[in-house]
Every structure is written in C-alpha cells, then in structure tokens.
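Here the chain labels run A, B and C in written order, and each chain numbers its own residues starting at 1.
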Amino acid sequence: MASSRNVDIPQQPEQKRILSVHRLGSGYKPLQVLWDIEFSLEEGEWLALLGTNGAGKSTLLNTIAGLIKPFCGEIVYQESEISALPVHERVRLGIALVPEGRRLFAGMTVRENLMMGAFTQNDDGKIAGQLQRVFDLFPVLKEREKQIVGTLSGGERQMCAIGRALMSQPILLLVDEMSLGLGPVVVDGLLETMTAIKQEGVTLIVVEQDVNTALIYADRGYVLREGKIVKNGDAKQLLEDPAIQKDYLGYWKGVEKNNK
Amino acid sequence: MREKVVGLVVCVAAGIFLACCPFFLNLYWLRNLTNIFMFAILTQAVNIIAGYTGYPAFGNVVFFGLGAYSTGVLMVKFHIPFAITILIGITVCLFFTLFFGIPVLRLKGHYFAIATLGLNEATRAIVDNLSDLTGGGMGLSLPLPTGDVGANNRFFYFMMYGTMMLSITVTYLISKSRFGYGCRSIRSDEEGAESMGIDTTRYKTMAWMISAALTGIAGSIYAYWMSYIEPSAVFDMTIAIKSFVMFLLGGAGTVIGPILGAFFIELISTFAWSYLLNYHIGALGLIIILVVIYMPRGFIYFLQERLSLRMFANSINEKRI
Amino acid sequence: MLFLQVLINGILLGGVYGCAAMGFSVIWGVMNLINLAHGSMIILGAYITYIVNTTTGLDPFLTIPISGLVLFLLGFVVQKYLINLVIGGSVFMTLILTFGLDLVLINTNLFLFTADLRSITPWYSGLGWQIETLRIPFTRLGVFVFSLTLTLILFLFMNRTKLGNAIKATSFDKDAAGLVGVDILKVYAITFGIGAGMAGMTGSLISMIYSFSPVLGDTFTMKSFVIVVLGGLGSIPGAIMGGLILGIAENFASVLLEPGYKDAISFILLVVILVLRPRGILGKQFFAEVKE
C-alpha cells in the first residue's frame, strides 16, 4: 500500500490554516499510542479520521482537545502553539470536542447540559441565539428540553452532545465516534446536520469507524494504523483507492483473489 | 532475580537481628519494638482483607478489642491460663466474623469501610455497658506473668515478635496460594471472579477471618502486656486509622510493605513524642503529608521504582483501592 | 410529652448535624476526597467564634460569616497548593493526606488554644420557650434556624448559579466539564473552600451548644461520614435527612437505652441501614457515584 506522508496542501488565498500538527507523539503514560503524527487543516474543511479500533483516533482527538498531554511534537492552532494549554483554555479559543461515549452530565436536563456548553460565553443574547440554533438543528432536543439526559435514546444523546459542543461557538469541532451504537438512519440524519454546521463555517474533524459513510461526507481523509498515518488524501480519491477498499470497505475489484 | 535474593537476605538478617535485640537493648527500646511489632501485626491483618481482597476494613480494630477482652475477662473472672485465652479469643473473633461478615461483606468500598467502623463502635459500647462482666468504663486489671520486669518484657517482646512472624508467613503463604489468587481476583473484579466460578462470599469471609484471628491474637497479648484495658483503649478508632495509614503507606498487597509501613510510622511517632513533645502530633501529620505526596503508591512501590529493589513484592495490577 | 421533647431535641440537633455534614458531602461528591480534617475545621470555626466573641463581645451568630470566610480561604489555599498534588490518585491516598492535615490542624489548635474545654454562653443562653412541659431553648432554636438557612444558601448556590452548576457538572464528569470550559483545578479549590467554610460556620453554631476542645473534632468527622452514607453522597437534602435521623436517633437512644449507647447508636443505625439498603436512604445519586 503506497504510503504518503502529508504534503502541505497549497493554501487558497482566502483560506486560513486552522490547525497543523507536527511530529506529534501521544498516549497514556507509559504507553505511547501515536507516533510522528503530521497533518494540517484549513478553515471550513471536513476531515475524516479513519482507522480500526485501537489505531489511535480517539487519542489524537483527545490530545488536540487537551485531555491528554502529548509526549512530543507540536499542535499549532490559528498560529499559536497550544500543546501546553489546559483543556478549558482551548475551549475558549474555539476548540470543541464531542467525546467518545458522549460524556453528558448525567443528572442534568437537556437544557442544563446545553447551557453548560455555553459556559465560556458571556453574552446572554448570543447564548439564547445559539440555543435556538441548536434547537433548530435538533428539534427533538427542544421537545425533551426538561428531561434528564439519562432518559434519552442513544441518538438523542448524541444530538445533545453535539449541541452542547456547538453552544461554545466553536471554530474547530472534533467529533469522536459519532455513529457508535446508533442505527444508520439516525447516523445519516446526524451527518446531514454536520453538513449544515460545516456550512456555517465550522471546521470539522470527524472520527468514524464506518469508513464508507465518513468519506462520502468529508472533504479529506486520514487513515491511522497502529498510531501512524498510513494514508491521506481527498475523500473521493480514498473511496476509489483499491487498498482502502480492500482493507476497510470489504470489497475489491480486479484480479486480486482471496485464497483463504 | 538478584534483587529478590538481596531483599530476602536483608529481611532474614533483620529478623535474626530483631530476635537478638532483647539481649542488648534497654527496656525502653524493647517496649517500643514490642509496640511496633503489634502495629505490624494489625497492619498485616488489614493488608489481608484490604490489600489482597480489596475490602477496606477501617474498623478491623474491633477484633483487637475482642481479643483483648476475651483474654482479660477469662483470666480475671475465670482464671483461665493465658495460652488458652488466646485460642478462645481467636474463636470469638472467628465467630464474630462469620456472624457479621456475611451481611457486611455484601457492601463495597466506602460503605463497607464505614460499616466496619460501625461494628467497632457498637461493640465498644456494648462491652462498655456489660460492666459486670467486663468492668465497663472502670477497665479490667490483669495479673502479671511473673515478678521480674525484665523477664516480662522479654516474654511479651517475643510473643509479639512471634505473632508478627506468623502474620508475615501467613501473608506469604496466601500470596503464593490459590486462595490468594482468588482474593486478588475479587479485588480486581468481583463480578468477573464470580463468573469464573470463584465463591467470592466464601473467600472474602475466610480472608476476613484470617485477618480477624491475627488481630485478635495481638489484642490478647496486648491485654496481658498492659495489665490493664478499658473499652476506649482497645476499641480505639485511632489505632484503626493508624494501622490503615500504615497499610497504605507501606504498600498494599505486598508481603513486607505493611511491616515497613508500621515500622516507619511508629518509629517517627515515637521520636516525635520524645523530642517534639508539643508538636509530635503535627510532626507526624507533616511526615504523612510528605509521604503521600512523594510516595503515593506506598513505600514498597517507591523502593521498587526508585531503587529497583524487589522485596517479596507481589505486584498486582495497577488498580488502587 | 417526653416523647415530644425528645423528638424536638432530636430535630434541633439534627439540623446542625446535617449542616455539619454538608461540606463533607460536597467535597466527597465533587472531588472524590474524604476530608478527615473536617472535624478539626469545625472546631477551628468554633475557636474563631470564641476568640471574636471573647475579645469583641460580638454575638456569636454574627461571627458566622467571619469563620466562614477564614475557613474558606484556608480550604482554598490548602486545596490549591497541597491537595491538588495528589488529587488524581486513589480515594484512600487523599484520605491519608487529609488525615495528616487533620493532625497538623489538631496540633495547631492545641498550640493556639490549649486543650482546655471552651464554651460560649451568650446572654440568652438559659432562655427558651416554655410550652407547658415542652422546653425549646432559644440558642438551640437559633442554631437550628441558621443551620437550615446555610443549607438553603448552599443549595441555591449549587443549583442556581453558574459557578454552582460548574461544580455540579464537574462532579458528574470532570473531563466533560473541562471540555465545556470549566477550570477543574479552580473548581476543586473553590469546592474545598466551600466545604471548609461550611465546616467553619457549623463550628460557630456548635460552639454555642457544646463545649469543645481541639481533640473533639474526630467525632464530628465520623458523624458526618455516617450522615453522608445515610443520606446519599453529594445530596444536600440527603445530608439534612441523614442529620435529622441521626439527631433523633441519638436523643431517643440516650433516653431509652443506657447513656453510653448514645454515640454508638449512630453506628448501629448505620450498620443496619447499610445492610438493608446499601445506597443510603435517599438512594438516588444527585452527584456522581464514588469512584474507586
């Protein structure tokens, strides 16, 4: 499989580089999970982060968000190096993570969870506006506004988690394993919503196990294996890539035959 | 491997050294060491139920009191020889564990801890109120073994020393046995252990019974040693917390860790008391704070990691109590 | 009538007990920290009231904000610079740390105030309401009312203010709280400060109904422990309920049983309840389950 290290995508004049990651190594001391990660992201792009279980996708998102301190390397966000910043500071800069497992505030209502998302915001008017936009994107959340989140279905909880992240007015939105445990119809709905979010100018990194669906919606994709980037490129191209198709999509064309 | 041998040699040498102490140390130090041995036993007993099995018995001192009062009452009211009272004391502790253990061991973590504290307090109150039998708040005065102060001190020194050695041996045997393996699996993941066919109720109760018996022996010896006991002295919360602190600082789930913890804390306690009389409490507190900050997993793991010494360390998994 | 008197005594005492347990419960529920120095902080609050009252003659009820503030600052600083160093670790390690802290506090109190028993007797000490044979002392009633007021203020703070919500959120999921922008370390310091402040203010209240000395703090820690387990971890209404149950049980025990059983009753009660209903009386977890 041809492996291509990241080559700087030529910048369009109006496009801003939101994030670039250089030689990043990270993990859970003393275990190193990510090795020499290198990539960058332009404003408004949707990046799909792919790979099997244990490849390090969640670790990467958690490191960018600040839940994990990297072992080495740099994370440059809007021209500042942020790897030493604590989690809550990164939120103020506009990085929001929808974590694996959603991690909602269990004993609080939908509305309370969403309002907690706006913790870093001070303008009451803007907060109210953002809340309304979240309800527009996810009408069912408005219906269940006063319910404790524990009583919601999986899909509704995922919506609440995404909504909570949106309340902080993020510039960069990181979404980890959105489709886990959700049926395909729900997932499709969520992905459509993500497209709407992207149209508002939010940059997205979405981690997904479902490679096919992920690449259909994304602009670009990176494939992780055992903590290293092994492939990257335009999402359409990756979909057509026979190696990807064989390893992740479960089908192949051509004369390769499975002799097992 | 070489480290293990070094560790073993050091321990055996220490053991022999301590056995010879009565022949050259003065009474003050003999008494101090006897006291340290006693705490070593208590700490090791806590280690068995909390360190290996994962049930933090804060109130384990109840067995200390039960042992002490068994010996006290039997010797004073019924003139039964000391050795027999130890056996009866053990029996009392075992029955107590069986009776209360089954319901209380159904609780977990901090609930279990507080329930054992409750057992201790309740037992103390009952012993206190049965004053006809136990002397109540007035206490109980026991006879002396002989008229010779030196001989008495040596006797109790060796009693505590022997029991400490017994506790170390028992812990070592547990650590190498299938029983110990079962206990450790309970500590890691009790439901998982159940589903593997381990009768967790039986194992937990047995572990606690062993722990109780050892503590009871220490209590029996204590009563005869001090010649005077009262409920608040032997069902004492401070002893409970102290032995738990020693257990945690020494290194949970290891064979020698609790002993080291007991030595460390009790020696500092004694020094602080003699040299810093007014500040000895605060000094002990400061030392404890420093130890927690710099040796958060306990003394034995500190030695392991920093000095690469392995002394009988059964390193279990990373799971903290 | 005796029954009613004992019941009332129990309720009046229970309110204070509940207030005493509040700070302990919040710290435990939010930070997974069992603060063994809790009782000594209560005693310190009592001493602050004593000092202010004997030097300035200020009514003890009015000293409550002072002890609250002093203890809040003490707690905040201790948490920020000391406890934060070990906060990620196991519950029992932090427990030992606070045990060490407790020893230091006890020694400090002994040093500053000696071991003599102190008490505060304001001019209205002996007075009370007399309704037939029922007697309700003013001091105890005042203490009860203040206890409930403090509890209410804490409850409103936790549920109606932004900071209070941040603290609540942290107790549910500290990583998620960080992800919405909450500064966890600051929350911890504030929470511990609040717990200490509540303890201090309860100490001021207790100084008016009990005599106190530096070594008597542990009893309050233990009782708070019992109350929290009874009422459910992190639950403010639960702490009041647990406190009331304990207060009433203690008072009835001292009348019905030998006086020696008074303190033991709390524990006997505890063991019985735990065995029957291991999640405590209120059962419902307002805050997160204790992490091991």
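Assume a residue touches a chain if its C-beta (ideal position, glycine included) is under 8 Å from a C-beta of that chain, and two chains touch if they have at least 3 such contacts.
Keep in mind that what you see is a predicted model, and the values were worked out from it rather than measured.
*Asks:* Check every other chain and keep only those touching both chain A and chain C; list them.
*Replies:* none
*Asks:* Tell me which chain's centre, taken as the mean of its C-alpha atoms, is farthest from chain A.
*Replies:* Following the centroid criterion, the farthest chain would be B.
*Asks:* In angstrom, rounded to a whole number, how far apart do the mean CA points of chain A and chain C lie?
*Replies:* Distance between chain centres: 44 Å.
*Asks:* Please work out the Cα centroid separation of chain B and chain C, and write it as a whole number of Å.
*Replies:* Taking the mean C-alpha position of each chain, the two centres sit 31 Å apart.
*Asks:* Measuring centre to centre with CA averages, how many angstrom lie between chain A and chain B?
*Replies:* Result: the chain centres lie 53 Å from each other.
*Asks:* On chain B, where are the residues touching two or more other chains?
*Replies:* Within chain B, no residue contacts more than one other chain.
*Asks:* Find every residue in chain C that makes contact with two or more other chains and list them.
*Replies:* none
*Asks:* Help me check something: in the complex, which residues belonging to chain C touch chain B?
*Replies:* It comes out as residues 34, 36, 82, 85-86, 89-93, 96-97, 99-108, 110-111, 218, 222, 225-226, 229, 258, 260-261, 263-264, 266-268, 270-271, 274-275, 278, 290, 292.
*Asks:* Write out the stretch or stretches of chain A touching chain C in their complex.
*Replies:* Chain A residues touching chain C: 65-67, 86-88, 91-92, 96-97, 99, 103-108, 112, 115-117, 119-120, 164-165, 167-168.
*Asks:* Inside the complex, what are the residues of chain B that reach chain C?
*Replies:* Touch residues, chain B against chain C: 56, 103-104, 106-111, 114-115, 117-122, 124-126, 128-129, 137, 237, 241, 244-245, 248-249, 278-279, 281-289, 292-293, 296, 319-321.
*Asks:* Taking the touch rule as given, give the residues of chain C at its contact with chain A in the complex, in rising order.
*Replies:* Chain C residues touching chain A: 162, 165-166, 168-169, 172-173, 175-184, 285-288.
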